[in-house]
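Okay, so subunit A shows up in both of these, paired with subunit B first and subunit C after.
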Partner chain A sequence: MSLTTDPVSGPYQYLKAQSRWRVLEVAFWLCTLLPYFLFPNYLVLASQIAITALFALSLDLILGYAGIVSLGHAAFFGLGAYAAGILSKHGWGEPITGLIVGGVIAALVGYASSFIISRFRHLTLIMITLGLGLLLHEAANSAHFLTGGADGLQGVKIWKIFGLYGFDLWGYTAYTYSLIVLFLGFLLARRITNSPFGLALRGIRENAVRMPAIGAPSHAHIRKIYTISAAMAGVAGALLAQTTETVALEVLSFQRSADTLVMLVLGGAGMLYGGIVGSAIFMIARDQFSGINPQYWYFWIGLLLIVVVMVLPNGVLGGLKKLFTTWRGPS
Partner chain B sequence: MIGPVIGVLFDGFAYGMLLFLLSVGLSVTLGMMNFVNLAHCAFAMLGAYVTVFLMNDLKWPFLATLPFAFLAAAFVSVLLERTLYRRLYRASDLDQVLLTIGLAFVSVAVAAYIFGTVLQPVQMPPYLRGSFNVMGVNFAVYRLFLVAVALAITLILVLTLEYTRFGAQVRAAVDNQRMARGLGINVDGAFAVTFALGSGLAGLGGALAIEIVGLDPSFAFIYLVYVLIVVSVGGLGSIGGSFLAASLIGISDVAGKYYVPELGAFLIYLVMILLLMWRPAGLFGRR
Partner chain C sequence: MSAPDKTIPALSTQSVDKSFGSLVVAKGISLTLPQGERYALIGPNGAGKTTLINLMTGMLNPDNGRIFLGGDDITTLKPDARVKRGLVRTFQINTLFPHLTALESVTLAICERRGDAGVWWKGLPSYHRDAEEAYGILSSLKLSPVAYKPTHELAYGQQRLLEIALALATKPKVLLLDEPAAGVPHEESSELFSVIAELSKDIAILFIEHDMNVVFRFASRIIVMVGGAILVDGTPDEIAADPRVREVYLGKGHRAHG
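Entry: the complex of A and B
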């Protein structure tokens, strides 16, 4: 990612230019409406993709922008899912407030753990995020009375959105609902990354020790973005709980953290659309391959990861961008 | 009253020795190159499958398969080190994590393809089966064997590192890689040998683990967590630290499962996080 600008125009103009909407972006979001017309039978899958994309986007905020490698981000996804699920099981099935509760609870835990996260780097950081994720997974497994343990949380009943749109078998409501939430989350992420705060985060990613020297408090910034990312992951989890009306223990698993990391890197970390494109490719491929031989699905994912790391360091989008700039010639 | 306690301590210690064998190689290579190798347990799994194959299909005796478990894991690891790993020594944590998770995924799928997802049955030779009783405490013969092997290997490792020229080079590279290079030590070469040895030991550990924990393709991920805990708690590049951390974790895991089974693995993760918050570089780490 090059940050070279015209020295005269200064950072303010740079940020302003970055935050302008491009034609490709508008086209991309229009394309998200295509499933209604082209694949009406796959709307359930499409809603799953939108939810996973929101989760990948939340991971992108900390990993792609602030450089925090987390192997336990599913902890917040799972917290949001269980919060929304348990709330509706005990008689409050209103979806919007459910989302907010999921997000708030994940944000609280995220804020608490961010004090630990911001202090460490490298292997210790990876181990602590992994450990916190596993800890929560074990806790949910043990707390059978609250979460249903390994059997999953049963009896989740979600009311109609605004009392008008009920969740249907075909996924019309689920997809619309997930897509709107994804878009709102995307707008928030876009606003954050195109702000001075977002630039400071990128600085922390490049060199966390040097940033305080130019007046950007690394630890405070990391705590902030980690909390925001946790909240977004919580909302994604709550969405999954509401649209599927069940919560499995799998929402907290290491597998989910690793899968999302794969999606993000496949699409391209640190470029907002990376997570969305990556999760779409990953989920569609899994849906198609699972019919053939689900057991060997991870062989291809593993191979893909090796290839991406070796050949496409910035993911699919990074590769396309590079191709595009070579084709256009240096401007 | 005291009998069960000693029994739990002994079983825990034997389990800890198994973890030590699985993790010591990763600890040294991580200390040398700072390379986050999440595929380490895939090498252990390879060793285990080599032993299973030699015993069940070629009818070799158990002890004769162990050297081959070591060699197979060491050989494959050197191949991968030369082709893939070495390009990423200066890459970010993320790239290293992704590459090695990718390798671990591939290894799981390949193991499932060749051997299926069932638990592999292995029949230990008669002289390693059974147990004997000393003052009301049961000692399983196989666990004694495991402890003996682990202690012998620890001794060999410590002697090699402390008293040979190669060991001195490795220690120098762990302490200060750039300085070691500046003094004309072939760090890359020493690293390749260490990497092979460490993966070989993991392969041996995997082969020895079959009797205790069983073997199926999920091995590469289930024990990865334990190995990483041992390495990060013990401190990178420290054999003594790994030994102590492995014994501690082995004993607390077995004791936790024996006395408070409803907590499951919760206790281990909590202990790890608290230890790392107290000493981020591990018990014996210096950085």
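Entry: the complex of A and C
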């Protein structure tokens, strides 16, 4: 028996059971508080992980749920980062509104590009997203007056959150702030994936041919989730700009898009937690390994990636889930 | 909606043409499916039957000709818009959602029909009425015991029934069934067709089927297609007696109707 086939008495109970909070989930979120006590010296890293996790979560919404593979999702992360950074450089350093501006700018560009995205699939789609990412990266590189180009955006100054909590050197505020935003983003993603719209997205992922035959406007669905995902990526970018008080050209890089895809696949796509777990594994491993031998870091990530996709097609989380299911009871 | 005028055909096509490169797969296809009727579309492999369904449902665009649903020209409508107007098909090869449960799949089709599928701010449990309706459809097709199973774990015959369940969930006015019993053992296939025969008479049905016993039992009229063109159409008796049909179709070692 699998976890999801607890005895159910009817469709309503079934739907309820599907969207219920599980004990493991609560435990997971409690664990995100551990860095305060166990690794107080690593709160800066922890905040970076939370930000990357939010970005990976935004990618999961389109990849894991709607089946849209993107190699240029950093475009929206970077847009959000630059929007929040430039806003603060020009005198408005209020963090919450900065996040909103970052999200809105990314959402607008996401919505505009979604009209192209929704028409294509497979390799064409990957190439279009890749092209969009490269395009924005080069645009930011040449718009030196606005972005600082390859030198990065300097002079970002973020005010205290609610006028009370300033960003400290140890990353205490940064982690708390990032973690709260990540959790809110997670709640949103969880609600979306448990909604009728989320079911329609899974339908697109499972069989794009059947969708129009049951009367589904797949293109409209894709435009909607792509816009939501872009907004979430933009908020993640804005968070990075605010917590580090700088924006490097790297926020728009192909490397960032690719790394995030790797994190999501490592953790397990289509499970909400996969991106979060993947980001944590990736970034902690990078922090540890690159200290020992920086140039070989990607060798190990490459190896890990190959092993995981071969042995655990649903990522680390998918593997754990399977293990847990078999341990729970023979099926 | 006002009471439908019975003289307007549920579905009709006017001189529809389609070629794939040099291969002509539809040549001047004109057919009429009256309301509430059960028509069969038969013909040898590669005759262009599935292609015709693709053309009628908008999955392919015709090179020439027009398609009408209840008197409205739908030739340029997108497939999902045609479904919204009541023109619905099933697939010869299972075209399902492998990792959705049977209940989720049918609930999805109902959410789409009711316009609920765009809602992302409310949880699915708020739409339990859609799920209960889905469960009802599954029960009527004897699929309730597997309602909570992922589609890919269903037996093949159950998957064929789920094909029909998905179509019914959209509340069709015209149902195009592409070999609904394809691959189903002989004994089960007549059971499956009894289910189809019992569907509401408000639904006009055009079904493709190779088994002549089934065709002669369930069709009020039979359309014979050969090489992308309609060879002849008529009542089962007319078709059984037609020498041309015997020659190109029944003559090829097929079990002739007794």
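Here is the rule we use: the second predicted complex is superposed on the first by the 314 of 331 C-alpha atoms of A that agree within 3 Å, B and C clash if a C-alpha of one lies under 4 Å from a C-alpha of the other, contacts with A are read in each partner's own complex, and residues count from 1 in each chain.
The rule is short, and it goes like this: a contact is a pair of C-beta atoms (placed from the backbone, for glycine too) under 8 Å apart; a residue touches a chain by one contact, two chains touch by 3 or more.
Remember, predicted model here, so these are calculated numbers, not experimental data.
Judged by the touch definition given at the top, the superposed model places A:Tyr298 against subunit B, while subunit C stays out of reach. Of the two partner chains placed by superposition, only subunit C is touched by A:Ala200; subunit B is not. When both complexes are overlaid on chain A, the residue A:Tyr12 reaches subunit C alone and has no touch with subunit B.
Once chain A of one complex is fitted onto chain A of the other, the partner contacts of A:Ala139 are limited to subunit B, with no touch recorded for subunit C.
When the two complexes are overlaid on their common chain A, residue A:Ile128 makes contact with subunit B while staying clear of subunit C.
By the touch criterion stated above, subunit A contacts subunit B in their complex at residues 63, 69, 71, 116, 119-120, 122-124, 126-128, 130-132, 134-135, 138-139, 141-142, 254, 258, 261-262, 265, 269, 295-299, 301-306, 308-310, 313. In the complex of the two chains, the subunit C residues touching subunit A come out as 57-59, 78-80, 83-84, 88-89, 91, 95-100, 103-105, 107-109, 111-113, 116-125, 127-128, 130-132, 134-135, 147-149, 166-167, 169-170.
Contact residues on subunit A toward subunit C in their complex (touch as defined above): 4-5, 8, 10-12, 14-16, 18-19, 191-192, 194-200, 202-203, 206-207, 209-218, 220-221, 224, 228. For subunit B in complex with subunit A, the residues that touch the partner chain are 30, 34, 36, 84, 87-88, 91, 93-95, 97-99, 101-110, 112-113, 117, 221, 225, 228-229, 232, 236, 262-266, 269-270, 272-273, 276-277, 280-281.
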